[in-house]
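Next, two complexes with subunit A in common: one pairs it with subunit B, the other with subunit C.
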Partner chain A sequence: MLYALKDGTKLLSKHRMTYTVKRFIASGGQGEVYEVDDKKGQAYALKWYYPHAATPYQQKLIERLIERGAPDPCFLWPLDIIASPQKGEKAFGYVMRLRTPTYKSIVDLMKRRAEPTFSALCMAAINLADGYQSLHSQGLCYRDISFGNLFFNPADGEVLICDNDNVTVNQDTESGTYGTPRFMAPEIITLNKSPSTETDLYSMAVLLFYMFVLHHPLEGAIEANIKCFDAKAMEKIYGHDPIFIYDPKNDKNRPIPGYQDNAIIFWHMYPPYLREMFTRAFTDGLRNGNARIVEKEWKDAFVRLRNSILYCHGCGAENFFNKKPTCWKCRANITPPPRLNLGRQLLMLNHNSAVFAHHLHENFDFSTRVGKVSQHPQDPKRWGLTNESKDSWTYTKTSGDTAIIEPGKTAPLATGAKINFGPIEGTIE
Partner chain B sequence: MSERNLPGGEMSSRKLDFFWIADCSGSMDGEKIQTLNYAIRQTIPDMRKEADANPNADILVRAVKFSDGAAWHVAGATPIDQFNWTDLSAGGVTAMGMALELVAGELRQLPGDTKRLPPVLVLLTDGQPTDDFKGGLDALLATPWGKKAVRIAIAIGKDTDTNVLEQFTGNKELVLEAKNPQLLVKFIKWASTVVKNVSAPMAGADAVDTAAIPVVTADDDEIW
Partner chain C sequence: MVQGATHIRQDKICQDALLLCENGNASDGQVFSIACVADGHGSDRCPFSDQGAKAAVLVATDILKDLLMNPDPKEMLAAQKDIRLPRQIEARWKETVHKMYLEQEVETPDDMPPFSYELYGSTLLALAAASGFIFALQIGDGDIVAIEPDGLARWLLPPCDHAGNETESLCMDECWKYIRTQLIPIDGESPVPLMFLLSTDGYANSFVESAGFLKVGADIYRMWREHGRDYVQENLPAWLSQTTTDGSGDDIAVAILAKEG
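Then we have the complex of A and B:
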């Protein structure tokens, strides 16, 4: 009685497919989501709009999105549309791929129910920036980047972008979607501007800050001093008077120990270039849409961060490379592992490090592995880089002697030695 | 969670106090009180899911019942994952003022140094107050938290004094007239989701998205 569709209901789609309602999954502001099966038993998700949201505008939007197709496989894009089987009822819904339970929400990360490694978190950031970049490069605007619509696999950082039913062409002013509080760009709140690619970039920066700092970039002393955080207070903090918690020119809004600890703990762990990027995103980028960080810059930064991960010998925790790393977890001083200097990239050669196609071609391909760090089978104290590619590498010892590392063979990690991978040469440091 | 891969803790959040304020006077006896019991129990799983998906609010639930007097039905702030509903029964008059007084007392006692979201008060009634309603409302609005609270009234049946309820909500749109059991269930379900609006209100809009209030459809026509 509480749900719009009963289990077992058969629905006929616009593409003349029959779907059977299996179960109710969740409800949101615009409608309810169900699991449905097609005739072959393949499971999909069905979003069914509440009457107030089932507008002709929304229907047209969905139809256009279906026609256009997903910009990238990470989008759970509308695939098919279903009108209400009840005569005279204007209700409708759309079918999309079903998200599997291995994917967790950003809320799970905030509540510490999902505990990815920094390495997986970096991959998630690269993947999400990549996804939004594909969307934006097609002239589309997401309008509502926030907690609820990004899911990630904590094991490997694969992402899924959901709730794509509000995606419009950039600069569309007809849509009623203005975004989610805390993620909306200040100009949407203060000047009633419509969401655009520029405001998407702001929301994406907020989402990335949440993912890496587990805190909002504008919630500092000012928020902490407000007892009752009502709509008016939120408009001030996120709209009319936003101040970045680590604004180098304004220290009025620093996070408060004991209440906003995550901000303090995480911020100081990250290398200067990442802090500088977040600072730009939430100082110049707060008011000037043109000054916002674009997806490519975020991708480069999170690749750099991922390359710099090293492990504490004592407790195994992930840390980031610097001249004298101290473990955040057990406070031990860490001796950095050997590193592969590729000129524009510096990759830590940990026990589990791998060289990907991206390291050679800078194409963000982290699925094609070309090499991995391995131990000598007879002498585990000797480490090397095994060639997993189809091409031979040229290894140059410090003496100047060279050797060919054929596929399957391993180059020893000797300081000062060089490996020529073909497209690029790296030096072991 | 066994091993922590990342430093820090859970994201900081604020407490949100949610109050059910239920009329248990004699006229509620029978279908009305049973529908109310059924509907509130049905909303609990949805509220838990909502709380799970909301990192900004820690939802604490309380419930007040009123008839000849007012008393706590669920005393003490109860986290939503521990909240259970025990059926109410009806009998007596409508001491609505005393109920508001009781809520006011609770809001006055909230620790002064805590950071919270505005409370949500949901009043469910089918009649007219038989005590000093104005006194109770004044006491409520005199507390800083009561004044900031999002106040929703659900009028059950056709004999309610909507004038009184409008004074309580301060907003005509937040007086929901449940003319039949189906609507009562829908309104109770909707009221329980207001938490989301309060923890993340839309800019420029009222704290509550009245557009999402369920509308009467043809199958809702049946009268109590």
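Then we have the complex of A and C:
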């Protein structure tokens, strides 16, 4: 079915709001999405179900979700419900916030139509895991985490999670939504298990792997050698006999150079702790739901990765800190910048680095900036950390002398010096 | 399919290709129709693009046919349309044209240019209609249009927006990234488009404005409804010849999929 609603159609919602259809946006498996305006001209998106999907069960589900409200602002959650204006027609739809074109999909990332920095990509991963953590903590299950329902802003890593109309309480068995092939946990394929928060964790790990490695974690030599990629082949690769492409105990499914290059290039770029987490997610976590990586672990790992970003002086590429960093792109040796050692966190102090509330409180708040690296206005060779918080810092030189760094003032980046931020003390290395 | 008026004047062979495939035997798998058209670039840098276009329609038809023979083709397409299918089309097309190059018979081998995919550069448009869905795929210029129950024609995939003769092509490095796809579920209870029309860009470029091109799509459907399929099939080449003479001068390939009765 194409264009169930014509431009200009006026629709009355359950909350007695009038919406006007502005344009068709896209169609999916369950329905079509339109841009609509309310009376004040505020734009929203309207998902309008195909008749086969416009079931009383679905309607009830949407009504419950509206009542419950979004678990986190990143969800484009149902806000209002609209029944068909045609008498006797069972069609309906729901209104949600409109996604702006600044948000890109993972397919855009794969096709390089979006080229975020690693820093923005880490933020997207943190926000993604945070969003699902909020959802799961309310006893809800997303059921269909895949390519199609995550969008992110390549500039800052803000994420939007769409298609929330299949969200149910955990382990609900009434819903007919089992997920998207290639993202479904093996037990859904092989044992017909219902989606749960555990299977969501698997799908989320696949999505994260795609974001960082630009490749599917189970598509290696076995996939490359299949000529007819039919349902049976898919069941084998993603269900009955899944093998992680970098399974340390099984090298049968390594990526093939020339065909699966993304996996080869990106996998080796990441630090061992992240590779170990992905390995765990797609070896133990393949068959054992309890062994899957939980959201907090992912968030910690991507914060650590973000903190460790440094730049190659030769080509400017982003790299990750290790004891002897060599640029993945131009192979030049990299001299690391000064670092702020906060005990459990090590933050690279690059020319554009900032200290956020998270670095002091470990609360994943990356919107409150408390300090930033800045250059001395008269002597560009001298760098410091400017206090952007409301509180004073105590700066201790290697000699033991101390100084107060008032808000707006800058602490020099001298090796061995300590900065007491209040909740935590950091050492410059 | 007609040879472009300019191509006739310049003694150039037709660079477009067209292939239709139907599987009407339900016991043999799914009932489906596939239509593919391709436009070889035809420039001096692409001397074998007529063959590249033929390879494109053959490869796309073959791959889509395999997918549509699956018990649940809609699910297979949903899982593969974004990455695996485009990558498969790229790999198979490149493999095919490379083989063509190695087997190319030439009078003076020294004049044979060194191999590059650009020698065979082509666009590709494909449409598959089956029970429960429509699937469209496109790289480069051209138009896939649906005539809806209200009689109006609309693009299934938004048209490319390129300056001049620039177009995305199968010969590009990592061309799979430029292959656009659209999977549209069709519900038994809903009105479905009455006709689909795929055409290489020689057709739309013959019109000053896109509205004129869309109107022609709707007109063809009207002719089909009023005079029948044979009438359209018989007259379409003459209409297209007239269109290219009065318009772009380019080759035109048009494939029509419509439900009869």
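Throughout what follows, the second predicted complex is superposed on the first by the 427 of 429 C-alpha atoms of A that agree within 3 Å, B and C clash if a C-alpha of one lies under 4 Å from a C-alpha of the other, contacts with A are read in each partner's own complex, and residues count from 1 in each chain.
Please note the rule applied: a residue touches a chain if its C-beta (ideal position, glycine included) is under 8 Å from a C-beta of that chain, and two chains touch if they have at least 3 such contacts.
Here the structure is a predicted model, which is why all the values come from computation and not from measurement.
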Under the superposition described at the top, does placing subunit B and subunit C together on subunit A give a clash or a fit? clash
Given the touch rule stated above, what does A:F147 touch, subunit B (first), subunit C (second), both, or neither? both
So, A:T180: does it touch subunit B (first), subunit C (second), both, or neither? both
Touching A:I265 in the superposition: subunit B (first), subunit C (second), both, neither? first
Touch test for A:E115: subunit B only (first), subunit C only (second), both, or neither? first
In the overlay, answer first, second, both or neither for which of subunit B and subunit C A:V107 touches. both
Answer with first, second, both or neither: which of subunit B and subunit C does A:W328 touch in the superposed model? first
Examine A:F229 and indicate which partner it touches, taking first as subunit B and second as subunit C; both and neither are also allowed. both
With both complexes superposed on chain A, which partner does A:A4 reach: first (subunit B), second (subunit C), both or neither? second
Which partner, once the models are overlaid, touches more of subunit A's residues, subunit C or subunit B? B
The intersection of the subunit A residues contacting subunit B with those contacting subunit C is 1-2, 27, 29, 50-52, 107, 110-113, 147, 180-182, 228-231, 234, 259
Subunit A touches which residues of subunit B in the complex? 1, 3-12, 14, 42, 46, 49, 52-56, 114-118, 144-145, 148, 182, 185, 189, 196, 200-207, 209, 211-212, 215, 217
Once bound in the complex, which stretches of subunit A touch subunit B? 1-2, 26-27, 29, 50-52, 105, 107, 110-113, 115-118, 121, 147-148, 178, 180-182, 184, 188-189, 192, 210, 214-215, 219, 224, 226-231, 234-235, 239, 259-262, 265-266, 269, 317-318, 328-329
Complex contact set, residues of subunit A against subunit C: 1-4, 27-30, 50-53, 107, 110-113, 147, 180-182, 228-231, 234, 259
In their complex, what parts of subunit C are in touch with subunit A? 66-67, 70-72, 75-76, 78-80, 82-84, 88, 91, 146, 148, 154, 177-178, 182, 184-193
